[in-house]
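Next up: some structures, all given as structure tokens.
There are two complexes below, and they share chain A, which is joined by chain B in the first and by chain C in the second.
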Partner chain A sequence: MDVILTEYSFKDKMVELFHETVQKNFNNDNPYLKQLRKEAIQEFEKVGFPSNKQEKWRNTNLSKPLKLEYVHHFEPFEQITDVGQLFMCEVHELESHLFAQLNGWFVHQNGGINHLPGGVIVGSLASAFVQFPEIIEKYYGKFAPYQNNGLVALNTAFAQDGLFVYVPDNVVVDKPVQIINLINLTENLFIQPRNLIILGRNSKLQLLYCDHSLLHKHSLINSVTEVFIDENAEFENYKLQNKDNDSTLITNVWITQKSNSNMLTNVLTLNPGTIRNNINILLDGRNCNAELYGLYLLDKEQHVDNNVLVDHAKPDNYSNQLFKGILDDHATGVFNGLVMVRKDAQKTNAFQKNQNILLTDKATIDSNPQLEIYADDVKCSHGSTVGQLDNEAMFYMRSRGISEEVARMALMNAFASAIIDKIRIEPLRNRINEMVSKRLRGELSICDQCILNCRDERKISFDIDLSGIR
Partner chain B sequence: MSNDQQNILDEVTSQEYKYGFYTDLEMDIFPKGLNEDTIRALSAKKNEPPFMLEFRLNAYRKWLTMKEPDWAHLKYPSIDYQDIIYYAAPKKKPELESLDQVDPELIETFNKLGISLDEQKRLTGVAVDAVIDSVSVKTTFQETLAKHGIIFCSFSEAVQNHPDLVEKYMATVVPPDDNYFAALNSAVFSDGSFCFIPKGVRCPLELSTYFRINAANTGQFERTLIIAEEGSYVSYLEGCTAPARSENQLHAAIVEIIAMKDAEVKYSTVQNWYPGNKNGEGGVYNFVTKRGICKGNNSKISWTQVETGSAITWKYPSVILQGDNSIGEFYSVAVTNNHQQADTGTKMIHIGKNTRSTIISKGISAGKSNNSYRGLVKVIKRAVNARNFTQCDSLLLGDKCGAHTFPYIHNENSSSIIEHEATTSKISEDQLFYCKQRGIDTENAIALIVNGYAKEVLKHLPMEFAVEAQKLLAVSLEGSVG
Partner chain C sequence: MLSIRDLKVSINGKEILKEINLEVMAGEVHAIMGPNGTGKSTLASIIAGRDVFEVSGGQVLFDGKNLFDLSVEQRACEGIFLGFQYPVEIPGVSIVNFLRTAINEQRKYKGLDPIPAPEFLAKMNEAKKMLDVHSNMTSRSVNEGFSGGEKKKNEIFQMAMLQPRLAILDETDSGLDIDALRVVAKGVNELRSKDNAFIIITHYQRLLDYIIPDFVHILFDGRIVKSGSKELAFELEEKGYDWIRKST
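And now, the complex of A and B:
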């Protein structure tokens, strides 16, 4: 069933929509899910959408995207048979387990659940709801608290599909798992993907998540991702956000780490419309390692808001945040980072850095690196800089006959490389490097790394014949 | 370590809040509560011109529509604004010709505080305006200052004698509806200091205001206005204490500084309000709005503060850098112990071209206290070549306290350079070991290390204040080792 969401009160409409459709759409849920949805919608009704009056949302205004009309789909779109062929990524040398989501729905192969070597399960969350109720009940909804969080509550109430990954104990997933999240529809779309990723003990997973839009329509995405990393496991999460200017993307990521686990997340925002990344890390064990990186390259009216919380709940943990941005034209960037060191979380090492370059006087940056510390035996530091390209470095290159443009590029590339170098998958790193260079030259369009090479005049939907694809 | 420093440490490590005594003065007190009649009575009592009453009533009406801010990292029971006495003054003769006429009890009070009101007995030239509860009792060295054309008097006197200046400048930096506490202060402020430095004059003395809350259940609401005309210079000191009482007392002040072209104002505070006892009972709630504006080109405002007192501190001395090439500075040491809570920092608003600001903030938390730095650096579009450097460090003594940093950076200009860095750590074991190995006990070693840590800020204080501040640091941290 498709429902048109009109602007006047998005919140009331969503609550109404839930009650109207709960019987029809969510009737097959098991009791645990049913209860969860019920509680979540009640919470959403109480809390609503975040407004600019809230401290954490001062700089990202949702009122504009919430005024538009959207369509909400309760059933999957027509399926495509050969995902691997269709979504061949341009990162040619990258060997990956490739999956796709279309308009928020997992593109099914093999009945929605894929078994990779070692008992690894990758598939659709909708299928997992049915096939693995015991895993769902143990993990789903346990890490992303919807209390006082309207967006998570709304997602929890409506969530139907998304990515489900289960890596059993002692399994190292041989190749990166790659998810392409495509938006392709001729109408304004509101979608709420929900992802659940579970890493067992001593396991390892590299996940590459790409957000793309194919058509220039307004879309509003409110995604929630829950990640559980058990003892001694290792998780790498690369996120590539290459959207069009009319899209609003809100990602809510909740990662819980147990003792001796390692986590790396790298968010590369190359072309956002409006993006808000909420990244929440809970270090719920000892000797955990959490590394968070982010790069945002913005121009025009683009807006990125990275909101990071690293919660040191237990002693002996290490966390490092490094977010860098280059802002051109009227772009606005926000970094809101909070390191929380709980009482008795002694021997904590936490670092936090945000660096920005403004290229015009019309771009704006808000940087709020924050520390909240309740333990004494800690080493915490944060830093934030806003500036320009280094004049001396510029002079050095100019005096050696390098043109201003080339020198500028070199310096900007160097600035960005601090983040790109943290990518541990080599082909991906090389590709991103290229893309960033292209982006900095202003040559990268959103379609660039997509094999479909669609243009406005040649719109593609997925039931077309595939002969036109290289 | 020099002998002097040892003496200071010896002297202070054996004492608690020594200003906690109460003086029995004959007081003139309003009944508790706040309404328009209270304000009218207050204004009438002070024989104010009509514009003042109008100003107060407007502020009061604004205040009624405002909400007490709750964004600060502070926890305190809600304040009953009707349970406060809004005016309390020592009874005195209408005109004070000489010191002999001041109530001897009062002189005794200030002597105890180490503030001599007797000009002859002063060694160094510091002119003092002493404010007790709601009114200013004595301003020293007025004649000397008058020779230079400097006006330094209580706010009430300024309202009587220089109403034009007061009307022109008052509330131009902190408008009455700026925030909840500023509105409250604008409605009920009873006195404070007023200072006017004429064009081209370099003030020969340090000007000083000494605030003391004495009466019980009283709120202190004072207002300070400093105007530095073109090319002038003044260094201004402010100190404050209160008796130790088991109930909380409210202090909501406003300080406004206006620096014209080429003028420089240096404002130093040693805030030593009663911080409450070891169990967190009593103490002063300190909600202060301090703001300066560098109106003219090449002007400079510098805030230096040592915060050791108050149960609750909510204070953000700020500078609006409006003139081109103007400079704003903020140096702060904030110490919290026991159950104290401080949420303090600064705002630097860059508007003019080539403006520069420096923020050095050192927080020290001990006991069960919470100490937050909260600051804003804002660079607007036309503030070409703005430059800011911020460093805010926190030192944690003990595992039950909290140290927090909430910096806000907002930049709209591509030519600005903003740097912020902050660290949080505890006293290094190595440093402690080094001291102890040389026979310095832990408590003294900590005092020594803390003083070294705070030195960067303390060196910006005038000499006498620096000594007092060093003593205070040690006292405040007493008993925090454990």
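And now, the complex of A and C:
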């Protein structure tokens, strides 16, 4: 069933839509999910969408995308039977377990659940709801609290599909798992993907998540991702955001880490449209290691807001945040970073840095690195810089015969390299390096965008091998 | 090669160079000496093309071309090299990439194809050997975290790689210990030929024990007040800058 969303009050419409369609669309849910949806929609009705009056939303205005009309699908728009027809396939050196989501729905052919070596499960959340109710009841909705969070509440009320990954204890996933999230529709679309990723003890997973849109229609995405990293497990999460200017993407990521676990997240925003990344890390064990990186390259009227919370709830943990951005034209950026060190979190090491280059005097960045410390034996630092390209370095390079344009590019690439170097998957690092150079030269446009280079004018084409999608 | 005629330069309305005349021919080494704040570094910067100054008179010709018509990078491509008094740190840009880019940009200016990789490597190894440069230095970011001596050595290393026709070394010797000083001097002496020229700007006579100049000029209060052979440097060392102050 498709419903056209319009009207001045997006909030009322969503609440109404829920009650009108709950019987029809969510009737097959198990009691746990039913109850969760019911509570979540009540919370959303109470809290609503965030507004500019809230401190954390002061500089990201949702009122414009919330005024538009969208369609909301309760079933996959079209059943894809032959992915080979939809995607151009070409072998590429990045070897991965490759999956795709189209308009918020997991693309699959065989029931939506894939078994990888070692008992690893990767598949559609919709299928997991049905096939693994015990896992869903244990983990789903446990890490992303919807209380006082209208966006998480709304997603929890409506979520139907997304990525589900389960890595059992002691299993190292042999290749990165790669998800390509495509928006491709002739109407304005509102979707709320929901992802659940569970890493057992001593396990390891590298996840590459790419957000793309391919058509020049408005889209509004409100996604929630819950990640649970059990003891001594290792999780790397790379996100590539290459959207068009008419898209609004809100990601809400909630990661919980247990003792001795390692986590790295790297958000690379090359073309945002409007993006708000909410990244929440809970260090709920000891000797955890959390590294958070981000790079945003903006021009025109593009906007990115990285809102990061690292919660040191227990002692002896390490966290490091480094977010860097280059802003051109009228682009606007926001960095809100909060390191919370709870009363008992002694021996915390927490670092936080946000660095920005503004290429024009019209571009703006609002940077708020914050520390909130309630323990007394900690080592923390935070800082932020905003500047232009280093004139002395420019002169130095030019004095060696390097043209102004090449020198500018080299300095911008060098600035970005601090984040790109943190990518541990080599072919990905090399490719991102190329893409960033291309982006900085202004050559990575909307129409040739895709995860990794489109080469012709076909609607959807990748020079990576998508034939592996199962 | 280089011809400076009646050059007048000011910064924020304050005249720094008052009337400079200097002729440098291919194959020559000129030393410019003088106390601090007399315009030595300004002269070097003006030739390299730093744009914080106003040229209020005179001209500078390089092989007959008016330097003020050329951008900073064009001057470099024409063969002018400035060894910085305070080399700049460029995090994220490795020396090897920096130099390959610079060499290729200079080749492009001359209508040449990019340097073949083996040729570039051979050239780099030769320069490293000559200047006793650590093999891992070139993979580090340009000057980042370098000691003062390492930075100056890197300037000479770049000079050896770029092989300019006119190299201006702006107080490259300041802050160097005797070993580093010898390396700098070795670089200049090995690269010296009948086709290129050097302008060595220095505060002390010390460097001139290792690099024998053909001419010594004393810059004082924005003017070249004395020119002579290398003996002038010894005289200056002996009598001190007060001698210049009194005699002007």
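Quick notes on this structure:
Everything below uses one rule, namely that the second predicted complex is superposed on the first by the 433 of 470 C-alpha atoms of A that agree within 3 Å, B and C clash if a C-alpha of one lies under 4 Å from a C-alpha of the other, contacts with A are read in each partner's own complex, and residues count from 1 in each chain.
The rule we apply is simple: contacts are C-beta pairs under 8 Å (C-beta built on N, C-alpha and C of every residue); 3 or more make two chains touch, one makes a residue touch a chain.
All figures in this text were calculated on a predicted structure; none of them were measured in a lab.
Of the two partner chains placed by the overlay, only chain C lies in contact with A:A393; chain B stays clear of it. Contact with chain C, but none with chain B, is seen for A:S417 once the two complexes are overlaid on the shared chain. In the superposition on chain A, the chain among chain B and chain C reaching more residues of chain A is B.
By the touch criterion defined above, A:V406 reaches chain C but does not reach chain B. Of the two partner chains placed by superposition, only chain B is touched by A:D366; chain C is not.
In the superposed model, A:H382 makes contact with chain B only, not with chain C. With both structures placed on the common chain, the touch criterion links A:V172 to neither chain B nor chain C.
Note: no residue of chain A belongs to the chain B contact set and to the chain C contact set alike, using the contact criterion stated above. If you check the complex, the residues on chain A that touch chain C are 390, 392-393, 395-404, 406, 410-411, 413-415, 417-418.
Only residues 48-50, 71-73, 75-77, 81-82, 84, 87-93, 97-99, 101-103, 105-106, 109, 141, 158, 162 of chain C touch chain A when the two sit together in their complex.
Those residues of chain A whose C-beta lies close enough to touch chain B in the complex are 55, 343-344, 346, 356, 358-388. Note for the complex: chain B touches chain A at residues 71, 73, 381, 394, 396-426.
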